[in-house]
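Take a look at these structures.
Look at the two complexes coming up: chain A is in both, with chain B in one and chain C in the other.
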Partner chain A sequence: MSAVAPAAAMPAPLPAAERSSGLPLVVLLLLPIALVNAFGFLAPVFNLLRMSFYESQATGAMVEVYTFATWASVLRDSFYAELILNSILVSLGITLMTLVCSYPIALYLHRSSGTWRTILLVLVISPLLTSAVVRTYGWVAILSENGLVNNALGAIGIAPLKLMFNKTGVVIGLTEILMPYMILALLAGFGRLDPRVEEAASTLGAPPWKVFRHIVVPLTMPGIALGSLLCFVLAVSSFITPKLLGGGRVFLLATEIYDQAIVTLNWPLAATLSILVLVIFGGALVLYTRALRAIM
Partner chain B sequence: MDERPISPALKILACAMFIFLLAPLIVVVPISFSGDSYMMFPPSSWSTKWYPAIFADGKMVSAFWTSLLLAFVVTVLSLLIGLPAAYALVRLKPRGAEFLSSLFTAPLLLPTIVLGLAILIVFSGYGLLATFQGLVAAHLVVTLPYAIRVLSTALATLPIPVEEAAATLGASPLTVFRRVTLPMMRSGIVGTTALCFLVSFDEVVLSLFMTGPRISTLPVAMYHRVEQQADPLVAALSVLLVVLTLVVVLVVDRTSGLAKTFVK
Partner chain C sequence: MTSRTDAPEGFLSIRSLTKRYGDFVAVDNLDLEVPKGELVAFLGPSGCGKTTSLRMIAGLVPATSGRIVVGGGDLTEVATHRRDMGLVFQSYALFPHMSVARNVAFGLEMRKVDKGEIAKRVKEAIALVHLTGKEEHRPAQLSGGQQQRVALARALVIRPSILLLDEPLSNLDAKLRDEMRNEIRDIQKRLGITAIFVTHDQVEALTMCDKVVVMNQGRLEQLGTPVELYETPKTAFVASFVGRSNRLTAVARNGAAEFAGQRIAAPAGLEGPVQVMIRPHRLGLSPASPAAADPARQQVTGTVARAIFAGDILQYDVDVGGQIVSVELATRGGESVIEPGRPVTLSWRPQDIFIYGAAA
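What follows is the complex of A and B.
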């Protein structure tokens, strides 16, 4: 019944009506998300910045005086310098391993088609939708003392390897966990790879590895750069896998942040280390932008 | 036609890497049927005792119900908050819409360990730690960006003339939205629902900061279990979770095409 009235009024005054009543409607529609964003994101992040300048005391209490003490101790202490360097190097290693392991899958996916491709894509994405705890547990089953690898080695008479509770375990586990991200990033960047260019190169007599090195790799560089950035950033901030496969013996920024926040309750220090993680992110982003400019 | 043939070397390499990628998910299946009381691969004997053992473990069962309820509440709220926001950003295009949409998706750029710490510090002041409300709020911070992104894309690709036709024929704006826009967005809404549900159900880092002895989610309970004793119970639980994930993935794939959601 009432729908007739707006229909008659609809065509002509629409722009004006929307301008006058549009603003409050927009505000109303955006208010809930703005509240969540302000309360759960903006306020916490600004608070974190402020917190890194608070003074912490041995009792775990904090004093609301602004001081550079936490920053000074982090920047001067060689333990933290090593921690930061260690985190960056381990993450770089993981990124490289992830790239090497993901590239063949991405290239294969790029060249396959139809239902087979869809099945494989679902197989690539499924681990992404499975909890990191489940996948890390799987790695415990493979790498532990009584695990798949060491029992297989034992069966052929080789001494067991120490694959867990050290950096090796963390690198293997995180490489696998980050592979889906790398594969998807590589696939997104493979668009420039024209099969006709490869064909031309091989028709002109280039052996397969030369085609790969001089045609395929350069053309897929944007995907490689994007995937590497993504995996590096995720490796630096990952926490579950280093904690479970490192068994408290591998010290990385992310695990240290958690320990300081939950175990030691030194929030100013945890906040300072968190901001350092963001600084490393910024550095990675700058390098990525430069690399991209050099490639394109 | 202009597809390049796949060389045998690439086939072998890709196959090996696929095995590596899927290895941790595959090994949990035999371990879940282990008859040993601790984890060993391959198991020395077989049994199905670990599956009923999950349901006898009070901690795991209550953590499961918490996670399920949490994921449900978070998903419903993400849709209720995300849908109007996406509509406002895409259709009403207020000034600074681009800035707002990057602000609303910004929490995804922050590593969850940093976000978790930041939320922990602020929420502790409001007494929200280790409460259900606190968990809901923390999860919303990470599910809403996904909701906004998927729903905005779904809205932006809709044919506007159909809505205009409905309006011209006398439907009120609300009716147009309810009877025309929403049904056309079906695949976007299904995708958002599945994504928000899985993100919340699997979320572990944020939850680790927000849980305590009083309340725990399933991934957090599993994490603590693996940290202390990696026994086959976690494998049995993992198998159930992988099956649950596969069911969700297949349902989404049937309704909207999972591959399309992730790769253009």
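What follows is the complex of A and C.
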């Protein structure tokens, strides 16, 4: 709104009038979501933060006395450092696997058209219609000792593989569960891809894999960044699948928070770990925005 | 069909090139010989197969049948990236994530040319298209004309065997188009590069190119120099597509075409309905006095339906037996406009009228 003000006679140009009446309208429109966020998100997070400074007793009781004891023990204990590192690494692994499995599908979807595209898109989204719990049990049926894979391997005389109650199971299960999100995020970020640009590269002497490496991958980076952020966040915070497919032997932040809150009843510790998860998310977001700025 | 089988083998040789999509024939049995260093236009309306032909030459679309031979080597089955052709797209198709210099360097990097040589050739190519100083800009920071220059530099820097231009000027505004037209022609001549120029704009085809291939519905209608196409169009389509023409219908009988009871000489062998084409500015117009006729000119009479004075030309629409004929006369000053309703005589030199069978 930087219209040059008319020099003479007519004062009070319209833009100014619009602005003075427009500002409260914006506030009014933002108010509902601001309130929901304040009561539904900020307040609980603040509560969580406060709880992380309470004192916990061996009995499981929580005393409303402020202390740094929980934070100090978490930051000092190498178990938690390993837990955090482990969570981040497993989630990064899952994100990478999801990206590798989803990228070709997303690329194919991006290039298809008409009814075929619609059918494929529905197929991609349809797993989201079933809850992650049901899909995780599906993976149990496939990966367990007497599951589909090991029965098939047994039939051809190969010793059973340990596919469950370890990281392998968690990675396989979460990869499949997160794929729809990754594919949709990739598709949303494929806007800069242009078949003419790829053709230009090939007329300039680039064989197909070089077109992919020098043109397709860089142009789809926004989608890759968005999908990776989304899947990393979902992987770090996922709980059901690591719980069921990890069988208590894969230690991740989300499962540890559950155990501390429900089993051990150490709420201050659970709260501390939850805040750490939020910090990790914050870090991921910073990396994402940096990455985006570097790409564009 | 006007395939020049008698012509000497060209640098680019297209033989019976055909592209079918199911039942639809996009390019039908195209034969063409392009000598080294010539700029040849593929001219035609949209959907005539000119772009498909170009894309087959580049290897972006596989040919259904036929051969594409360059400098004696058959490229029909060769992959695009090994064809060594420079293609300039209508939409520029620059790499948006690379600087101007990187865009131009791309083809050389793919050829593993050494670094120093790349830097030198990129610099030359950018200077050639007058973009020195813009090396580090991203395509999005450039105007349409500048982007098209980058695309041109990028295609030329690899020293392609053939330069292919797919409607390169269509996205530019009129002033820039004229400028780029001259520039492309200058560069093409200076480098002596063989080039194919696809366009639907007859002005571009006539003014820039050594030869023009007029295409219609997948077939080659006529191949010739701009002058040949304009002065001796072989089909009604060429006569109407290249330059402007009055398109009239008549009935041919015994070596004469007849409309509204007036007869003019027609080529032997034509019988029944025919199309008569004549260009508006090749017609003469005089107040009705057939007696004063020049025996070297053919003529018909009609009535002025409309007279428009447009400064440099005086345009008349003349009603000849129910058909409207446009006449354009260059103004010289001092002429008086003939009022609508007055009888007039139209005349022309016999070589300026074209008569085709109605089926053509």
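Throughout what follows, the second predicted complex is superposed on the first by the 253 of 296 C-alpha atoms of A that agree within 3 Å, B and C clash if a C-alpha of one lies under 4 Å from a C-alpha of the other, contacts with A are read in each partner's own complex, and residues count from 1 in each chain.
As a working rule, contacts are C-beta pairs under 8 Å (C-beta built on N, C-alpha and C of every residue); 3 or more make two chains touch, one makes a residue touch a chain.
What you are looking at is a predicted structure, and each value in this text was computed from that prediction instead of being measured.
In the superposition on chain A, A:R192 contacts chain C only, with no contact to chain B.
In the superposition on chain A, A:G157 contacts neither chain B nor chain C. Once the two complexes are laid over each other on the shared chain, residue contacts for A:P44 go to chain B alone; chain C is not touched.
Of the two partner chains, neither chain B nor chain C is touched by A:P24.
Contacts of A:L278 after superposition on the shared chain: chain B is touched, whereas chain C is not. In the overlay built on the shared chain, the residue A:P218 is in contact with chain C alone; chain B does not reach it. Residue contacts after overlaying the shared chain place A:G205 against chain C, while chain B stays out of touching range.
Applying the stated contact rule after C-alpha superposition, one finds that A:G114 touches neither chain B nor chain C. Comparing the two interfaces of chain A, the one with chain B and the one with chain C have residues 196, 199, 208 in common. Chain C contributes residues 58-60, 79-87, 89, 91, 93-97, 106-107, 110-111, 151, 154-155, 158, 164 to its touches with chain A in the complex.
Partner chain C is touched in their complex by these residues of chain A: 192, 194, 196-197, 199-208, 210, 214-215, 218-219, 295. By the touch criterion given at the top, residues 2-7, 9-11, 13-14, 16-18, 20-28, 31, 38-42, 80-82, 84-85, 87-89, 92, 94, 100, 103-104, 106-107, 110-115, 117-122, 137-138, 140-141, 144, 148, 167-173, 175, 198, 202, 204-205, 208-209, 219, 222-223, 226-227, 230, 234-235, 238, 241-242, 245-246, 248-249, 253, 258-259, 262-264 of chain B touch chain A in their complex.
Residues 2-4, 6-7, 10-11, 18, 22-23, 25-26, 28-30, 32-33, 36-37, 39-41, 43-45, 47-48, 51, 101-102, 104-105, 107-108, 111-113, 118, 120-127, 129-142, 144, 146-148, 151, 173, 176, 179-180, 184, 187-188, 195-196, 198-199, 208, 233-234, 236-237, 239-240, 243-244, 254, 257-258, 261-262, 267, 270-271, 274, 277-278, 281 of chain A touch chain B in their complex.
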